[in-house]
Amino acid sequence: MSVMGHPDPTGRFGEFGGRFVPEPLMPAVIELERTFEEAWADPAFRDEYHRILREYAGRPTPLYHARRLSESLGVDLWLKREDLAHTGSHKINNVIGQALLAQRLGKTRLIAETGAGQHGVATATAAALFGLECQVFMGEVDVKRQALNVFRMQLLGAEVVPVSSGSRTLKDAVNEAMRNWVSCLETSHYCIGSVMGPHPYPYIVREFQRVVGEEASIQFEAATGKSPEWVVACVGGGSNAAGTFAGFVDSSARLVGVEPEGGAAIGRGVVGVVHGMESMFLQDEFGQVEEAQSISAGLDYPGVGPEHAHLAAIGRASYESVSDAEVLDAVRILARSEGIIPALESAHAVAWVIRERERFGDGDSVLVTLSGRGDKDAETIANATGAGL
Amino acid sequence: MSVMGHPDPTGRFGEFGGRFVPEPLMPAVIELERTFEEAWADPAFRDEYHRILREYAGRPTPLYHARRLSESLGVDLWLKREDLAHTGSHKINNVIGQALLAQRLGKTRLIAETGAGQHGVATATAAALFGLECQVFMGEVDVKRQALNVFRMQLLGAEVVPVSSGSRTLKDAVNEAMRNWVSCLETSHYCIGSVMGPHPYPYIVREFQRVVGEEASIQFEAATGKSPEWVVACVGGGSNAAGTFAGFVDSSARLVGVEPEGGAAIGRGVVGVVHGMESMFLQDEFGQVEEAQSISAGLDYPGVGPEHAHLAAIGRASYESVSDAEVLDAVRILARSEGIIPALESAHAVAWVIRERERFGDGDSVLVTLSGRGDKDAETIANATGAGL
Amino acid sequence: MTGLETKLRALRDGGRKLVVPYLMAATTPGWTEYLLAAEAGGADAIEVGIPFSDPSMDGVVIQRAGELALGRGANPFGILAELRGISLGIPMLVMTYYNLFYRAGLDRMAGMLAEAGVEGVILPDLPLEEAGPWIEAASPGIATVQLISPITEGERLARVVAASEGFVYGVGLMGITGERLKLAETATGVARRIKAVSDKVVCVGVGVSSPEQAAEVVAAGSDGVVVGSALVRRVLEGARPQVIEEFVGGLRSAVDRG
Amino acid sequence: MTGLETKLRALRDGGRKLVVPYLMAATTPGWTEYLLAAEAGGADAIEVGIPFSDPSMDGVVIQRAGELALGRGANPFGILAELRGISLGIPMLVMTYYNLFYRAGLDRMAGMLAEAGVEGVILPDLPLEEAGPWIEAASPGIATVQLISPITEGERLARVVAASEGFVYGVGLMGITGERLKLAETATGVARRIKAVSDKVVCVGVGVSSPEQAAEVVAAGSDGVVVGSALVRRVLEGARPQVIEEFVGGLRSAVDRG
């Protein structure tokens, strides 16, 4: 098995992954696996997927050389602009793929969990585009802090279901989505929003996000004639990072995933089995999952996709973390020096580059995936910086 | 003079346009005219402009065939996706051009007026990108209804100056920007946001927005092998419409500009001279300019760019209007059938197509410029539809 | 054959219909009284829930009971210690999620369960494909019960049934735990389908909430029923052990009447 | 040469420095009293502002006065009718924005101005390049005063000065109307530069607010001053005509002292 190739027959990347689902869900994930394998091998399916990304979602997104910030940091910095994708983040890549799969599976309804609301908005968008029903589960805490996205989902015709159990954030939304899914398997596809959950999800979502890294790699090579020395992306579940890394894993680039300090599943977690996967999770000594704490709703997740746990274990990628304060600084710095307001999630990657700027060699290029735009975070940023809104 | 070619030496499109500025501003507009003519004839300038649009602003934006909506309306509908441009609307095309001009002029500061805040955000963005200072004038009414954009501008490092005179909307912001400009001509470029104001602005802004229509024309031809029979765009000052029309004016397409009912400068206005230009304005019998009334802050302007007055006068384009209620319906319809939430401004063009769907011939294709995305309008839409936010 | 299976088969083969109540551990200071009460009411085995932070297969009632227990500071080791301290005449099973076992260490957990007198486990998020390491650690002392859903079919059905230890858990409906006003149609079909491929003891649970529903399930061919939310809801409402005993008694007579 | 120019030249050539107050029309019911008061205070000509909805070259004071007047229902025709009813011994000019003329019709407006006894107009947003149609309608009865700014230079300076009728309005600073604590440096230079290309009467306004500043301007070579916001502010503050007369008187003596 090559690094970031196909998972093994048990759905594992090295030691991590697998398929820990209750028996009632087993037929559904097996059917999904088979359907995806067929579809992904079918040029017509890929064409349709890429056509929609191009004509509808705005791909390819630019690779932008951040000249002013490069100069002020003393780092040659390039940004892969997923913030320009339709709905405002990389999440659209995955949902277009999964909506096509849902169609192929004959499903008429999408369900999804969401944290920041970006995946919920993307799923609601794909549902509207394909004429599917849509229900999005979202922790009550997140419903409050991402009100704009809640409204967007509703306007798109989706039903947003606030989840009041547990920590009332993303992990509980996942639980609730799984609870819902098992009761409506026949009509519904569960459109997971990151490289997490039971096999084949981590694999499917990485493949649908691979376009980010593959584009970036071609674009960087075209612009500079070389490969970047560093490739950096934020990690919640890890889909934008996985998609990015997939384009560079066979190069000599150093791959860095950036987690929030309060949700550093790789940095501070231990191995466990939650949400259908064997991976790294923040948990107490007894195995109870702990609540993540991050200013960014989209990274406020105590686990991480299994492939990242694997990349960390084999040393192919390293995972670092930044604080909320560093993230807020990074938002301001990027906004003021480049005219780009990043999502709080994406700002984690930028914050790490800013903090570690001394670490890069002379002549090193750093490619950062800017996974999304910050409009959705205006209120959070305003409150955090005392600006009010 | 060909239609949508160069204005005459007095800066006129037919009878309309000109340069009604106070003597203190005259040297500045003359210098701007000369600088623009030189720059626009300079391949290096055009290359730089197009490079930034491509690598930074996300151009070309897609031309999207709205299949589901086409089917339900019985109209072959295509959308030019300016909503995917950086900062969320076509406004970025113009400010990138003007910021390059400002640089060429040796100015260190941009000032701008804004209504919806999209032009303000775009200007603040370009200022950050080029390392310029930025001050944005915005009517107090608009500061309230476009709070998200106000925050974005501030985060980008711009100063937002609320304007409390007159109707406290866009037209008063223009007045205040002009008042400010005259006091700081040496350092500052006034970055007008639409095809309005004294010559050379209507011409400059149309040229910087021409990219919208030219891309769309090439894209439509590539997709269908023909030209669209109808080309539709909303009209505030008229920059997205002018840029769009410029790509089709030499074709047989019928050009339609859509104004808000409460701000139909061509539909209900009379000729006058305001904001430096001879054009059509809503005004009373004495020549006092009336307040426009529109749910969309970006179209809440009682005048229109002079070239549109000219296109209307010679019959090359027609100008129609839609009501706020039709616009809100159009937002919902587009969101639910295509997964695209348009700006309220852009929804005017869609609303007109929906209302007039019986009017298009069999086999006619309708190309609509979707000038921007609706995130900024979430609160307005929520309030208008009683959804709250 | 595990000890649990031997015991339950003996009962079944003796013509007895099995009543298996589920109770969440540690919901109240005297929660073990509920287990004794269930036995007194006529239970044939008992499932003890160990609370988990992310109970993705549970409905609101069991979720809330788990939160209550965790809020009281419950942990798996403490719960097992308490179980060791009581003496029940019927087999005990533990129902929880796999991560708690994984975190404790599989061998260590198997040892602690055995010490506590637990004879079987039900881990809804540990399907057969992933169960190998655990079964290895647990066998033969602790039976690992497999679940069969209304849509488990064909070769898979046979394989999972064959691997199930203690008994086979037929999931009564496509959904999560919780009371339903009406028994799902699937609840009667699932036992028949399991019976068609094996003579193992079959108990049907999830969505079986009342004596009438329990009777319907056994009438349709199941060897027994698992009833959880209906009991846990009563506990959450502050019921005394007596109420649990009576409710289990009601289930007992209903299935006995057949 | 227009009548206005003839009159102002005669005064200037007689050694008199010109005081030209600006007052917004229709700010109060008895607003024309302010004009008479200004005359009594020693004004040589008077500028009457006609309020416009979008006064883009005016500062807050004149903006507010215009809004007040419009709020009271003022319109150009009514204002001109009122002017017709008063008798001033000094020339009257109208200062406003071009759209009001455009809307009324240029010939019609010229006729109405003449009937009202207005001898000149200042239209800040009508530069020479665009003034042709208006001048054609207005000449020779009504003088169209041109503005020269601190940065109008060279050939353009000569051309605009040459076209100016009545007098040449030297704009004292790069900015809008309004009081300034200190006279801008540009206010003293602009008159000199106009004088260098023509012997027309030059008055400097915008940013000239106090007797001291007025004196400074004429000392630097201007033939006179235009003072607006300082007067209009007093009107807005409720000053009686007497106050205006005294303030104009103060300007008068300041420029006379030289």
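For clarity, chains are labelled A, B, C and D in written order, and residue numbers in each chain start from 1.
As a convention for this text, contacts are C-beta pairs under 8 Å (C-beta built on N, C-alpha and C of every residue); 3 or more make two chains touch, one makes a residue touch a chain.
These numbers were taken from a predicted model, which means no experiment stands behind them.
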| item | value |
| --- | --- |
| Partner chains shared by chain B and chain C (touch criterion as defined above) | A |
| Between chain A and chain C, centroid-to-centroid distance (C-alpha), Å | 37 |
| Rounded Å distance between chain A and chain D, as computed from the means of their C-alpha atoms | 66 |
| Touch-based graph of the chains, sorted into line, ring, star, complete or other | line |
| Chains touching one another, given as label pairs in label order | A-B, A-C, B-D |
| Sites on chain C touched by chain A in the complex | 52-60, 63, 67, 70, 75-77, 98-104, 124-127, 129-130, 146-153, 156, 160, 171, 174-176 |
| In the complex with chain D, residue positions of chain B that touch it | 10, 18-24, 26-27, 165-166, 171-172, 174-175, 178-179, 182-183, 185, 270-276, 278, 281, 283, 285-290 |
| Touching residues (chain side chain B, partner chain A) in the complex | 54-56, 58, 61-65, 68, 81, 83-88, 124-129, 131, 147-148, 151-152, 154-157, 331-332, 335-341, 374-376, 378, 381-382, 387, 389 |
